[in-house]
Amino acid sequence: MQLQLSTWHEVQDYLKTSTGVVIPIGSTEQHGPNGLVGTDALTAEIIGRALGEKIGCLVAPTISVGMAVHHMDFTGSMTYRPSTLIAVIFDYVQSLARHGFTRIMFVNGHGGNIATTNAAFYEIYNHRQSDPGKGNQPVKCLLANWWEGPETRKLCADLYPTGHGSHATPSEVAVTWAAYPDRVKYMEMEPEIAPTGRFTDAADYRRRFPDGRIGSNPNLAKIEDGKRLIEASVADLTTTYREFLAA
Amino acid sequence: MQLQLSTWHEVQDYLKTSTGVVIPIGSTEQHGPNGLVGTDALTAEIIGRALGEKIGCLVAPTISVGMAVHHMDFTGSMTYRPSTLIAVIFDYVQSLARHGFTRIMFVNGHGGNIATTNAAFYEIYNHRQSDPGKGNQPVKCLLANWWEGPETRKLCADLYPTGHGSHATPSEVAVTWAAYPDRVKYMEMEPEIAPTGRFTDAADYRRRFPDGRIGSNPNLAKIEDGKRLIEASVADLTTTYREFLAA
Amino acid sequence: MQLQLSTWHEVQDYLKTSTGVVIPIGSTEQHGPNGLVGTDALTAEIIGRALGEKIGCLVAPTISVGMAVHHMDFTGSMTYRPSTLIAVIFDYVQSLARHGFTRIMFVNGHGGNIATTNAAFYEIYNHRQSDPGKGNQPVKCLLANWWEGPETRKLCADLYPTGHGSHATPSEVAVTWAAYPDRVKYMEMEPEIAPTGRFTDAADYRRRFPDGRIGSNPNLAKIEDGKRLIEASVADLTTTYREFLAA
Amino acid sequence: MQLQLSTWHEVQDYLKTSTGVVIPIGSTEQHGPNGLVGTDALTAEIIGRALGEKIGCLVAPTISVGMAVHHMDFTGSMTYRPSTLIAVIFDYVQSLARHGFTRIMFVNGHGGNIATTNAAFYEIYNHRQSDPGKGNQPVKCLLANWWEGPETRKLCADLYPTGHGSHATPSEVAVTWAAYPDRVKYMEMEPEIAPTGRFTDAADYRRRFPDGRIGSNPNLAKIEDGKRLIEASVADLTTTYREFLAA
Amino acid sequence: MQLQLSTWHEVQDYLKTSTGVVIPIGSTEQHGPNGLVGTDALTAEIIGRALGEKIGCLVAPTISVGMAVHHMDFTGSMTYRPSTLIAVIFDYVQSLARHGFTRIMFVNGHGGNIATTNAAFYEIYNHRQSDPGKGNQPVKCLLANWWEGPETRKLCADLYPTGHGSHATPSEVAVTWAAYPDRVKYMEMEPEIAPTGRFTDAADYRRRFPDGRIGSNPNLAKIEDGKRLIEASVADLTTTYREFLAA
Amino acid sequence: MQLQLSTWHEVQDYLKTSTGVVIPIGSTEQHGPNGLVGTDALTAEIIGRALGEKIGCLVAPTISVGMAVHHMDFTGSMTYRPSTLIAVIFDYVQSLARHGFTRIMFVNGHGGNIATTNAAFYEIYNHRQSDPGKGNQPVKCLLANWWEGPETRKLCADLYPTGHGSHATPSEVAVTWAAYPDRVKYMEMEPEIAPTGRFTDAADYRRRFPDGRIGSNPNLAKIEDGKRLIEASVADLTTTYREFLAA
């Protein structure tokens, strides 16, 4: 059930049976020579909405821009400053909490969001718990990366024993291709598997990873893989979400 | 051409021929008994992307949550504080300007965004022009409401001589139904045409407009209207965008 | 009744009969070759205080600097960033609301303030309505431009059928001259009527409107016009304010 | 020379001979049973403008609201949060510095502003000196309390050997009465001379100083005193300003 | 070499041979029945300074308060909001970078700081890389948790095969006791090994972990362990720091 | 009693007998040719902790970085922006107030902190008093400079009839040497007594005071003086703190 495609009465009805909600959060940033700029937002949205369809949970609109300061030397990348992203998440949660939502799970598509999102949760908790007379009910937030559940990890390892890497990975590319099959594009890359390593700011990232990939060979991606990854991730997130509701 | 569905090399190529970009901006808020919570984000996105397809301009990811403080007493509504929305727009523009974009047109779906978006533009202009040594190239921002061009206005007036109103209007509902035909839903409403008037905060809004509509009868909406409205709006915005590029 | 010229006991007494208050808000920015830098603050203050004298409403101190980022390439212009102006208005309203004021009308002298002021109102509404336990009483804010009432518009049209324009207008110049007759100054200008058009940042504004005027011939201004405009605007604002108190 | 009453060309001319400017800064807050709410803004403005008339320096518009958190339990008092006042002063100075002003003297009417204004100066210095490439020219800021020069102090001591106190003082009341003679008002007060002491927040202030005065007997004020105090303060500030220009 | 115990000439000399610096960062929060409130700040400081003594790197003053929102229902705990901690780290780094430091390693004592510190690094990178004309040299930041190097982990596992846990651990308690032997205190605890699990806000934390510990038995701590842990951690951090300087 | 060296149960017990707490606040900045960069933080910490030992009051962790924008052209100096320091103090006080502390005394080692710290107090008071429903208990904050009590002033005057000055003074140097005797260092300085005067930003400061000292001859400092000064200051602060508790 997508919030955007519901009426407010339908949301009111939903709250009678559940106070949980899912928010896809991604990023808009380079994903190597053949990966889409929207990869991280698309994967979060595809999987978040598939979860919503499978288990009927409400899915809020995607946060499409994330914390991608280190990608900014590649054309087309966008970023929120961490302080902006904290404000964005704060307002998402405060809005939903006002209506009675108490379990807010972010389905995340971008590693670069993890630190800032967790910082945002504590900005929210601090606000809600600080002033004694406010009377806010407590709210719980959770960040769930779509790739980190056991089934998804196992499938990734099976599909891509080498060349998975950590940015512009074949798994994330495959998920986007499953949803946007007209975007499939194979290209020669040099080297076939990109280098790995750490990075700091945008200039450092670009110097170390000249075509944007880290450790990956996105040419390994296949639409069929993407379908299986979506299914695996939805299965993992179903467990995560249900445990979260029960916590 | 959607930014999310492009590679960074494709964006780099795009910039060789144009430095313009379109950003849909909407809202997530109640739209009366049968309008979708995402109406304002969906209309902006539908029309912004249709514009992108027609004239080939780049379309950035939609800002789906807007300034909807006054809708917050209706379940499911979400809002950014004006200060958050300013930060969001600031970061969108700074990100794109870094890559060389100089004409940034926001296709807007929500009246409540207009003031804050214009304030944001001047926060940006001030930042870029303030410190002499920064060397930032100038950037121009424009807010274009999808409903305000001459063809669109005329079509609205023709289609809905009465009962158009200003919130949960049949025209915006029709646009969303054209894109999401499974969401068509007609319901009895009382009164048939909602009351009109001004409002301040959320409690005041709810008291004056108990089912969320202002001055409208959304049951007048038809899928066919939506298709024509999209076409009219795209035609209007084509002119607006081209004049903006030339300015 | 000016707040600055009252004792706190007098304000306490005032609140027994009315919870309304008027705040003049203007700008400090170039107004063409013969207009005063303070024009927008002076017009708001002159008319706001005249309203206070006529109907006995309380008038708070003028906000003399506004949002004038686009005027900053003309010497002497001052500006608040939009974010600062939001904070200023927030604190004005929070201060007055604490004492029990519930209807706060800003008499505005500067078009560039409109967007930011409206954004500020929603920053305030959001703050006051957000946390359930706070116990804040609701407050209503209104922005009333001194030139937009029916009598004032009509008089402007009658006095200046051509050459009124939108910045450094003969009407605003006339209002300041009515109050500061020693500042009357006529100068040759080239062209007689300034160009019109849109603008973005300060450099763009200066390039398009080299002497600062937009569409106007301020040499048309006369002290006598100013007196009549003040009277017309006070009449219009009397209606606006009374309706606002009753809303 | 008042900025508000000058044209931008006149300011441009002024800058050819001086890069100094004066900004009156005060407060809007209770001043005891017969003192005006605007006392601190009025005194700063009266004396700042008198200085401008005497020595020809440019006088910017008054900052009428100051840091008066501790007065907020008395009706009619207004306050900026310290963080807002820092932003206000920041924008005043940044605006003026952009045009080439390098010596910015605040004529202050309110003890409660001193800490925050000095904090603001360092927020400004830090901004201007932080990023090496910015190319900002240095700017110097100074806070000058109208009452602290040697002639003014001496005159205060002569006029009010007892009952001067530190809030709602006869000297500040006298200065306002000199400019607004129709506001002269003598009232019985109990005790004749108010108590003295320290305070923290608004509740603490109100409890210790129930009618708002601290250590003063404002009934000692006379219009004639006010005239002499203005003259003495202008003389003192003339010296301060000239030394500041030369520093 | 401690910054606090050096003269500015000595720092100037240091910079001729190295542009690296170490900053201990911890927290001030409950650490169970017998752990010290300052445990996380003390461990970071003890180990950071020991590193400085061993390899001669400069050690800046400790950030003693961290992000401990979830501990705030235990008396004595202090916290920065994440947004404050970002500002603190921003200013630390900007200050040091101004003098030419380019490798800034935070030795961290508190898991709750990790997310916010990493967010802060990207707030800094974004600031320094955003405006083209600024001319800032790049700076690299690194967060190194004192407990995460291979030698330290191995020693922990050897010393505490059970009862180590994740808060108020015997290892961190031992480190503080090694430095403050008069604080050694053994107490009966119930249960001997505290429960484990996740938590959200302060109320949730307190409910799940009533005496403050998570999964630990701090009575296992010994002064002798602490000495060995300090040595192991300094060895690990020596490697980390040297690799960081070389990166 | 140091907070960092206490358990949370001990803090809980402390609160049964006192709701007062002391926070040392200093700065990290150049202190002339032989003074330590940490002088202001060390003096505040040494004296604050000595006070805690003498009278048993709780001493929170030192705020080691202060507002030292004007020292930033000397290597090794660090600074918080005033806005950051306000946030730091805000969070310190909010954290402690949550547990029931109501008298919070900052023992200050740095003149440059005074303005910002006092601004911070009013940011806090405003927050706590603003929203009627919050239910916060009032809290009182006090800034006590270690050097300003009568015994300390007298001792300074006796010890250093000339050459005390206002920055890198022999008294503050002596206090640090008393605690860190291995840091004693005498150096030739030219001139023997540094110049005096006012300053604005970092460049201005450096130009006027090339070796960092203002008006002082730190070679006058002796360890023995430091011991006496600590004792005198602790005596003064004992009185200040007790009066503050009783206020």
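Descriptive notes on the structure:
The chains carry the letters A, B, C, D, E and F, assigned in the order they are written, with residues numbered from 1 in each.
The definition used in the following text is that contacts are C-beta pairs under 8 Å (C-beta built on N, C-alpha and C of every residue); 3 or more make two chains touch, one makes a residue touch a chain.
Just so we're on the same page, UniProt names per chain: A, B, C, D, E, F = Creatinine amidohydrolase.
Every value quoted in this text rests on a predicted model; they were computed, and no experiment measured them.
Think of each touching pair as a link: the shortest run of links from chain C (Creatinine amidohydrolase) to chain E (Creatinine amidohydrolase) has 2 of them.
Listed here as common contacts of chain A (Creatinine amidohydrolase) and chain E (Creatinine amidohydrolase): B, F. For the pair chain B (Creatinine amidohydrolase) and chain C (Creatinine amidohydrolase), the distance between C-alpha centroids works out to 29 Å. Distance between chain A (Creatinine amidohydrolase) and chain C (Creatinine amidohydrolase), defined via averaged C-alpha coordinates, is recorded as 46 Å. Shown for chain D (Creatinine amidohydrolase) are the residues that touch two or more other chains, namely 72, 79, 81, 83, 98, 131, 133-135. Chain contacts in this assembly follow no simple pattern; the graph is neither a line, a ring, a star nor complete.
Every pair of chains meeting the touch criterion is listed here: A-B, A-C, A-E, A-F, B-C, B-D, B-E, C-D, C-F, D-E, D-F, E-F.
Interface residues of chain C (Creatinine amidohydrolase), counted against chain B (Creatinine amidohydrolase) in their complex, comprise 67, 69-70, 72, 79, 81-83, 86, 112, 114-123, 125-126, 128-129, 138, 140-141, 198, 200-204, 247. Across the complex, chain C (Creatinine amidohydrolase) meets chain D (Creatinine amidohydrolase) through its residues 2-12, 15, 28, 30-38, 41-42, 60-62, 64-65, 72, 74-81, 83-84, 87-88, 90-92, 95-96, 98-100, 180, 183, 185, 212. Against chain F (Creatinine amidohydrolase), in their complex, chain A (Creatinine amidohydrolase) makes its touches with residues 130-135.
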